[in-house]
Amino acid sequence: MTRGALVRLILILIVIGVAVTWGYWTGLVESGTTQPIQFPHKTHLDLKLACTTCHYRAEKEAVAGRPPTALCLGCHMGGDTQSQEIKKLRAFGETGREIPWRRVWRLPSHVYFPHRVHVTIAEIKCQTCHGPMESLTRPPEAPLKILAMDDCIACHEKLKSPEGGGKAAAEATKMAARRISLDCITCHR
Amino acid sequence: MVEIDDLHERTLLAPIAHTGRGFYWAVAGLSLLILWGVLAYLVQFSEGLGVTGLHQPVSWGFYVTNFVFFIGISHAGTLISAILRLSKAEWRRPITRMAEVITVMVLFIGAGQILIDLGRPDRLMNVIRYGRYQSPLLWDATSISAYMTASLTYLYLPMIPDIAILRDRLGKRKLLYSVLALGWTGTEHQQRVLNRAIAIMAVLVIPIAISVHSVVSFVFSMTLQPMWHSTIFGPYFVVGAIFSGIAALIVAMILFRKAYGLQDYLKPIHFRYLGQLLLIMALLWFYFTFAEYLTGYYGAEPEEMKVFWAKFTGPFWPFFWGMVLCNFIIPISCLVSLSRHTIGKVLAASLSVVVGMWLERFIIVVPTLSFPRLPFPQGIYSPTWVEWGETAGSFGIFALFYLLFTKFFPIISIWEIREGREGVKEVEERLISYLPGEIEEKT
Amino acid sequence: MQFTRRGFLQALTATAGAAVLLKGRPSKVGQAAEDVERWATPEEIFVPSICQQCPGGCGLLVRTLDGEVAGISGNPLHPINRGTLCPKAFGGLQLLNDPDRLKGPMARAGERGSFRPIGWDEALKIVTARLSDLRTKELSHTVAVLGGQYRGYRDTLWTRFSEAYGTPNYIRVRCLAPEKPALAHHFMQGVTAPVGYDLAKAQLILSFGVSLLEAWLGPVHNAQAFARLRRSSERPRGWFIQVDPRRSPTAIKADRWIPIVPGTDGILALGIANAIIREGLYDREFVEEHTFGFEDWVDGSGKRHLGFKELVLRDYGLLAVSAATGVAVRSILEIARSLASIKPAVVIGERGPAYGADDLHTRMAIHSLNALVGNIGVPGGLLIQGELPLAPLPVAKKDEIAKRGLAQPRIDGAGEEQYLLTADTPQLLPERILKKNPYPVNALFLFATNPLANHPAKEAFAEAMKQIPFIVSFSPFLDESTAMADLILPDHTYLERWQDDQVTHLAGFTCFSLAQPAASPLHQTRNTADTMLGVAKALGGSVAESLPWEKYEELLREGVKGLFQAGRGYVTTLHAEESLRKVLERQGYWVPEFKDYDGFWKALLQRGAWWDPTGIPVSRKALLKTASGKFEFYSTALKEVVDKAVKREGKTGPFFSALGAGKEEDLLFLPAVPIAPAEETKSFPLRLNTYRLLSRPTGGGRNQPWLLEQPAVHVEASWEGWVEIHPATAAAAGIKEHDSVWVESAKGKIKLPAKLYSGTLPDIVHIPLFGGEGPNPNDLIGNETDIFRGFGLLNTTRVRIRRA
Amino acid sequence: MALWGMVIDLDRCTGCQACVMACKAENNVPAVGAKEAKRGRIISWMQVLTETDEEHHGEKTRFIPRPCLQCDDPPCTKVCPVYATYRNPDGIVAQIYARCIGCRFCMAACPYNAKYFNWHTYQTEKPGQNPDVSVRPKGVVEKCTFCHHRLQKARERALAEKRDFDPNDYVTACAQACPAQAIVFGDLSDPTSAVSKLAASPRAFKLLEELGTKPKVIYLSEGEGRG
């Protein structure tokens, strides 16, 4: 290797190193999350289950949350299985403990995002924010989409405008005596 | 090293060509101050503003005082040089450059105080991205950046011919000087354009400068706080700014006169003129201060009086009376008669005014915050080493940059001096044109 | 308050599942290794609980998110506080999450004060082995249990355990008075049930040093009553006079503050009585028909006795009273006239610490004003409160060892000699333990008390505890006393455990609160009640038979059955429903709400409290239970006690001597407070008055930063104690605001920052029983108590101050 | 649109600080510690001020609980250079922590000293906090928001339950806690609300009314007098 090539290589390595460090530091690159069970979203959604079948809290509460183990066991109890993952699931069921899912999607703590309004009133598809979850054969290591404030604002602006407001906007206006809001403290807390 | 023939050029370029031991000592000393400041800021950056002496009612302290003070000093410069230039005062020639440099240096440092003062300096860009034009702070940002641009230009334009001299005469930094000289050759056309540009800038820079300090005063007077909410604050601040600016300029002049042996250029007459200017400003400052406090006293609003008495007899009396002493009594007594010991007297007055004006800024910022309207637990503000450090560092940076400037560019405009000497005739003609013509007796 | 109601109804549906959810959920510690992260605003359940920060007994609604406590608010249904709270309640959050809590049982490792963690099984084995060893050696009586400020079934459990095990030494070290009827009420009215005051309906409140708005029984209840006195739609603004050595926040809020020399409240009361009687302003009808001993009287033997009227007119002339109390004659007259003319008026003179050495007579003197203006048994006056109809537990079985043990005298000497009338005399404990008199203590149990910090005899306690070979502490924190222990079996904090509260004071109604754990235990701690049930079971025999419950909640469930069967009262409900029930009950109907006990129990868990608002609150008959059926200015009941003691011990016996032998005998049974001559004051010219803050009435709570940071509003203070000095006194001593000041008494000295406070008489300095880190006023206060109740004298110490 | 306001009856107030502590628990307001407290940096969105009439040597003392007064013409919002504080359509003066640059101009401008600064990182997220309110980082200004998150949640609940929003569903933590019920919270734009009726009392006054800030926290004075 010539000296020039070596220098170039070192330079490239430094650049990559700096970029990666910076990425970690600013949170653009997140370390992968491994889940206790290799849950395949695709298999379940191919069975024509809706997202809210399992993530039912999304319709009731601010946070979608993980489904309780008991819900999984509702289908996966009984019968023989070859799947290691289902065996793991049953093992959790037997101890009576919840599966220690690791959280992947996380909004900054100063953001208030109520799922239920967005799911039940605005009827926004989950994929709008979460990305193509239906295509996953194993748990995502990182969010499929990274949202910024502008993404929220863009949507709110669109729906707030009279022409953009579909059924959702009208309903929201009527119900809460408040339009889809662009007021900062609606989401910031 | 190319031999420099012109005696004037040789004297004025000497600091750039040769560097003595004193320079290194000065740089070392100033670097220590700056190091202190940098260290203080690093501590503050990682720990939060809690390392300062600021607290709940007194949320502004040294940094804001320094901000107002430095921005005030910046008026020295440009305003004086611009006014003198426009009024074609011939004695201005060795002074203008020094004044303009002060302005530019100090503006950056003044604006930097705000950055130091921010709790979240990482979000500074929010001011640009989400700026709200209702806030006097944004007016500040706007007018200060305008002033920076204007005064930088105003400093740079008259430097072009000198840079060209440096490019031609000085052996070193050829590239730098060639670029900065913008191909100046001194043709008549160039001269004409330059003079026109300088004249325009001089006119422009005066309203901008006045706006800057008016706007700085609005930061206080636009609130409802006692002894801040005053209509007089705009002109009061501007007067104070010019006052402190002249003082700072005089101090700088005397220092460089001594250090670089510029006695031939900066003569007692210059100091006498500037001293008289300072005297006028001292009287004007006193007039404003008197009017301000007398009005407050006569209104006798309880909230105003709380702050008023805190300054007169309360915990802030040393600062208040110190300010009166430094801004009025000392300068007046020094400046009434300048026939003898001119330079010494002017220096004493100027130093005193620099200190006094800093005290004035302090006495405006802190006491009002120390005495809130509601029965709030009060606290007396006492700065920590961090604030002292950053203040010292700020002064250090100012001095160091000023010093470095003199190592790169002549601190007295060579071409303007030359022009002055060559233009004696022109001046004579102009003088004559002021006077009534010779009266021809009608027969 | 629609909001809270709606919120509560939603909470009800949610709580239905809460008990089930909490049952059998492993503690957080068990899952800690799994690194379970909270999924932000998960399932929100409101669990009713009881605040244990003071004896107020307020109902809480604890907001839990997946079993983690995330907030506290008042239980809107709870009759004591009706959804509101005092500042201390919120400190509970910080108490629960205190990082310095003990994480599990600990055993002493070598020297006292060093510990090693052990398992619960091992710990219980150690306790059981020790207890059973002492029992077989017939030394069961040498086990002493020191209890603190609590009530209800935890008290029942300890009493029962002590009885079954066989020790008479269940001793309470309390900082506030027990809520049984005060002795003055008992002797003058013959009542055995607690007496309350109808503050909410009174038009004038005359308070003798009662810190009504700070640390007096139920602060929330008091504040509500005060608010109604001040502003209510149905009547004009009420009056409130505060007699207090210090301009406390209560005095600030009063219409009139009367500064007084500490300990002379009784003299002032008698001065006021003098003025009322002289001006003929007293309630003649009540006095004539319903009181005894007002006029001079002749007994069966023909002996003439002094009457209250004569006593007052003879001994309590206004000039003498004014000189002794420091209250101007004009003020005395004005108070007397207001008191007699504004109706209904109520005079309150109850507080934790004693007024002075002659506490009983002081209280009697104050209380006699209530009779003088006829405030007994009328709305806005005194109220009687019923007992809770809890189911009686089966009688504790005592085997021979227990019987022999119980026959031993109590180590603290309570109920004997001069302490005939007191229930507990902890102040004597250290000395007696050290002297092994009447026997040595072989084991000491510390439950909810910290005498090494909070008792004036704390140094003596420390010495005494060194002598005790086996000390068990149940404290969840490593406090001063716990540091001396050999074994620590940490209790849950109150949001983590099953508990009950039986409020029988002040409110004019009986109330039972029940709380289930609101949070899963954060650490390996255990409810002490469960621990002791376990110990009893392990001890076997009659001890186990007397405490047959597996879990504390079973004990609660058994006792609470009585409320279900009582045929009165109801589980708290919404206000509208309550009003309807009250109307019905007044007409003699009582509608059972629940078919079976299960339903009742479930409802009690969901709503938090049972209460009986329609008992017998306003009833002259219920309030005057003396032999004569009258209010006795001259207490025949006290005379009976004294006569019996004299018969037993003679006139030289300790009880009679302590009462003041040699006094005119009638004065013992009348509310006569001697006017003491001025004291020699040269070396200690100032009086020390200690007081309790609203933010920390029990002195503890150094683990509650919010409360420590803003402990008071009348002075600017934060995080550390202080001494309030009159500006003139301070000036004379060259002391300025915030200066460090040495406060010295005969006992010791402490250094505190000075607060110049004009709200005091110049010769009194005030120190709050602050309870944070730093100087402790117990270092100054002598271990003195009043004769009858045995309560610490916290305001009689003399001190001097100098700049530090 | 509702106009949220508060009435504080000084005659009922006992200075107990229940409102203060309720606020701290509800809004994750940190205790700053002994050292910081001594330096005058206690954060207390709701603060009980003790006003002593100096002419009477402390005889006339009053306790004034002071939240953010949620001015209709707030001096603080005008000076904020980045819209981190503004008056929202509900009349609540909002404070956006993620936007604030920490210049403290609003603190200097507020005549009520209702704004507090995070001089240090006083706390991080931990158990026992209210997850509805964010934990503020160092270097930003914070203040009382009338427990705005409760309004958010109440609104959202109404929306999800497909019913009209009921103003009674929303009350601040301080008003909820006050044992003397000296603090009443509600909709000032509704003349039938309790808070509107009290605000019309002859005892009603506003703090520093002369400054023209139009506060929506209205006080009722002590002493005799109707209302």
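Every chain is named by a letter (A, B, C and D) in the order it is written, and numbering of its residues begins at 1.
The rule is short, and it goes like this: a contact is a pair of C-beta atoms (placed from the backbone, for glycine too) under 8 Å apart; a residue touches a chain by one contact, two chains touch by 3 or more.
Bear in mind that the values here come from a model prediction, so they are computed numbers and not experimental data.
Colleague: Can you identify the chain nearest the overall CA centroid, using each chain's own CA centroid?
Modeller: Centre-most chain by C-alpha means: D.
Colleague: Is the C-beta contact count larger for C-D or for A-D?
Modeller: C-D
Colleague: For chain A and chain D, what's the span in angstrom between their mean Cα positions?
Modeller: Those two chain centres are 35 Å apart.
Colleague: So how far apart, in whole Å, are chain B and chain C when each is placed at the average of its C-alpha atoms?
Modeller: So the centroids are 70 Å from each other.
Colleague: Distance from the CA centroid of chain A to that of chain B, rounded to the nearest Å?
Modeller: Taking the mean C-alpha position of each chain, the two centres sit 56 Å apart.
Colleague: Got the chain C residues that touch at least 2 other chains?
Modeller: 40-41, 716
Colleague: Would you pick out the residues of chain D that each touch at least 2 other chains?
Modeller: In chain D, 42, 50, 83, 99, 132 touch at least two other chains.
Colleague: Of all residues in chain A, which are in touch with two or more distinct other chains?
Modeller: In chain A, residues 62 touch at least two other chains, as defined above.
Colleague: Where on chain C does chain D make contact in their complex?
Modeller: 1-4, 6, 38, 40-41, 65, 68-74, 81, 83-91, 93-94, 96-97, 213-214, 219-220, 223-224, 226-227, 230-231, 237, 247, 249-250, 252-253, 257, 522, 694-695, 705-710, 713-714, 716, 718-720, 757-759
Colleague: Could you pull out which chain D residues touch chain B in their complex?
Modeller: My answer: residues 36, 39-42, 47, 49-52, 64, 66, 75, 78-84, 99-105, 107-109, 111-113, 116-121, 138-141, 207-208, 211, 213.
Colleague: Where on chain D is chain A touching in the complex?
Modeller: 1, 83, 86, 88-89, 92, 94, 96-99, 125, 132-135, 145, 148-149, 152-153, 155-156, 158-160, 162-165
Colleague: Contact residues on chain B for chain D in the complex?
Modeller: 47-50, 52-60, 114, 117-121, 123-124, 126-127, 130-132, 134-138, 141, 219, 222-225, 369, 372-377, 379
Colleague: Per the contact definition, I'd like the list of chain A residues that touch chain D in the complex.
Modeller: Residues 60, 62, 108-110, 112, 114, 116-117, 120-121, 172, 175-178, 183-186, 188-189.
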